[in-house]
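What follows is a set of notes on a single structure, which appears directly below.
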Amino acid sequence: MKPTSMGQAVLIAAAVLYLVSVFFLSSPIWMGFSLNALIIAVVALSWNVTGGFGGLFSFGHAVMYGTGAYASAVLQVNYGVNAWIGLVAGIVAGAVMGAFIGAITFRFGLKGSYFALVTLAFAEVMRICASSFAFTGGGAGLQVKLDPGISTLQFQDRTVSYTLLLLVVAAVMILTAVMKNSRFGAYLIAIRENEDAARALGIDTYRIKVIAMAISGAFGGLAGVLYLQTMLYIDSTVVYGNAISVEALIGPLIGGAGTVWGPLVGTLGLHLLGEGAKHLLSNAPGLNFVLYAVVLICALRFLPQGLMGFAARIGPFRKKEEDDDNA
Amino acid sequence: MLEVRNISKSFGGLKAVSDASLDVPEGSIVALLGPNGAGKTTCFTMIAGFTKPDTGTVTFRGEDITGLAPHQICARGMIRTFQIVQPFAGLTVEENIAVGAYLHHHDRADATALARKVGKQLGMGGMLDRPAASLTIAGRKRLELARALATGAKLLLLDEVMAGLIPSEVTEIVGIIRQIRDEGHTILLIEHVMQAVMSLAETAYVLNYGEMIAHAPPKELVQDPAVIEAYLGHGAATRLQEGGHA
Amino acid sequence: MSSLILPAVLSGLTMGAIYALVALGLTLIYGVLHIINFAHGSLLMLALYAVYFLHFYLGIDPYIAIPIVLPVFFVLGYALQRGLIAPMSSGSETNVLLVTLALSLAIDNLALYFWTSNTRTIDIPYAYDTVEFLGAYLPLGRVIAFFAALAVAPVLWLFMEHTRLGASIKAVAIEKRGAEIVGIDVNHAYAVCFGIGTACVALAACLLLPTFYVTPQVGYTFVLVAFTTVVLGGMGSLPGALVAGLLLGVIESLCGLFLGESLGQIGIFLAFILILLFKPSGLLGRGVKA
């Protein structure tokens, strides 16, 4: 989690500075935009677990997000369940969905492009299902009743929502850092680097990958619930739509996949860029995605390790010398 | 320590290995020899659990491990290395070895400490923080050994650790393998460089066209007509004995 | 109900022919370049707009537009592969997928910006002409598309098997290094192949528009169906894509009939997941590279 170079320290400082600035600018537009960016950052962190650390590129991460959002919404709207239980249910549903997709696709050895496409197909199946059944509200979607309060997880003061979201993002990043530095993280990274070698070293690669999908699903489901509690309304094209799947992977790839800060840095950077472009071009719809596409192509070519990877080479901090090093 | 009985494997119509058996006593260095394509690596993949043998059994420390997954076999103390070295290219040498060390050390600090210790044992102390991708072939072969050792395995299956090395590097690695054995490990190695095997292995098996054609100390094997024919072609043994010019 | 099945099957076959045509281009690109072109659907959408505007501004009939749109899209495909996809993806399979994903994102959203999300159709005199066959009334445009798709697959196959360029493309597909050594311009062969794949999409657009519509999102709908077709037919197999396209058209039509219109496409995606899981080599595939 700590920066390893001057460059990284600057990037992290910029991200933190921006996040703090929202408290002082008291602009409703700025606040709304930042709330959205933070929710997307959680999806990006979710994608980062499998895509960044495990090298498992999903093209359909909306499947986790949408499942989390729908699980909580269905429980709250149809069964009057408490929002906190809805939150837990959303996280669990996301994790189960992730583990389920992982369990069946990895069982059959799907990798690379095949894995990417099959995740996308799962997201599409779920989107069509959610827009077809009555209990998910069909095409009209589901609306949670406005009733601000701690027990309903709804907050009239957006500063409170924002503060809580910041805490959630921080918690997810800390969990990511803990995972990265654990045995599980080392195994997941080993699988990304060379799955055969990982197997030979005694790693149950199937199990590790499925667990990674479950963790990613839990984060993704959490992000979906956060969206639901912020907007109080979901429909299938929004939460199971391709836009979420794209945003999930683009932030980490720009910011630095397989790093703790990369998904946040990438997502914030892209959203600022997209928002700026929108204002310059009089709110044209979709143009932010054109910009994302251009940035993604350039990043793949010129920043293969993302911003964090690139920044790691600018003014690296010297590692503490250990006295037994010359032994 | 390891008993392999009559294992066979076919790919399509091709019999890659048929009815091969071998024994590796504890504390020994045993070699598995044979010309290219004889089925040596296939034997390894079956013993280490990467493919399931069609027939036969593999017994390790008295337990039948036939058909177990690689990670289950690894947990029991047997590990293989790859002929074409497979480093985790994006990680440092230390991180590479630590992946092996994690098998029996769940804590990061313990695994890292063990990784550094094993790295230094194999003469890699100076390159622990270097990316594995920057290592030479000889360095990668050492790394492959270090990772395997770090798992705490008792039996190491080494697949052509000397291939692609220059003679001075071969001498070094022969020394390292001996050192590993003297520290209490058992080794089964695949080689087709006869020279290296002669000085290292106490006993050797020869595989040809998937069949085990000989089993003896290496010094006797080089006299065995069947072995010479396997390596040099049909009729070579007779030509050699007649003082020929092979 | 049973009286509805035959018309549903026939209508599915005609839609399936379009799927097959779109998938032929995709499978050709996969078979030779071993890459998955995620922007394939977006290129179809672009071609549909091209056909639409040719009709709207110049009054050119979609079928007359074929000799105009086809070469333009061949050149576009050639240029995209040579100028963007190859140089930007540095040879990695995942990067190709990501670059083409970015490309589709850019094309789709630019279309949305310039042409808005309005659904557009063209008005041609024969739009409502139908053909009666076995008691089912099929739109004339769909029937033409069906036979055109059936004709294109053998033409492509003949090109690959019996022309010098086809032979060099095949050589590149099988052994890139070897082809390079005997003097084949690999980058040119790749780009030609990508160009042909894109031209297939342009043809599909000309055949599709008389009985269909165009929106900026239409490409996304088609791209997943096209992937399914390619995988079901066996990655890289031309006859496979033809058979699979027809089959999926029927599956979609029958699912729509029995499960309701909105769930029609679910059959396609479920088929996709099941094939990827249980027979990734496809119906007529020769095995799959993991």
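Which chain is which? They are A, B and C, in the order written, and residues in each are numbered from 1.
To be clear about the criterion, contacts are C-beta pairs under 8 Å (C-beta built on N, C-alpha and C of every residue); 3 or more make two chains touch, one makes a residue touch a chain.
Remember, it's a predicted structure, so these values are computed and weren't measured experimentally.
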Centre-most chain, if every chain is reduced to its averaged C-alpha atoms: A
Centroid comparison with subunit A (C-alpha atoms), farthest chain: B
Separation of subunit A from subunit C, taking each centre as the mean of its C-alpha atoms, in whole Å: 32
Intercentroid distance (Cα basis), subunit B paired with subunit A, Å: 43
Whole-Å gap between the CA centroids of subunit B and subunit C: 50
Of subunit B, residues touching subunit A in the complex: 48, 50, 69-71, 74-75, 79-82, 86-91, 95, 98-100, 102-103, 106-108, 111, 120, 125-126, 129, 147-148, 151
Residue ranges of subunit A in contact with subunit B within the complex: 181-183, 186-187, 189-190, 192-194, 196-205, 319, 325-327
Residues of subunit C that touch subunit A when the two form their complex: 36, 84, 87-90, 93-95, 97-99, 101-103, 105-106, 108-110, 112-113, 220, 224, 227-228, 231, 260, 262-263, 265-266, 269-270, 272-273, 276-278, 280, 290
Residues on subunit A engaged by subunit C in the complex (per definition of touch): 57, 59, 104-105, 108-114, 116-118, 120-122, 124-125, 128-129, 131-132, 139, 242, 246, 249, 253, 284-287, 289-290, 292-294, 296-297, 300-301, 304
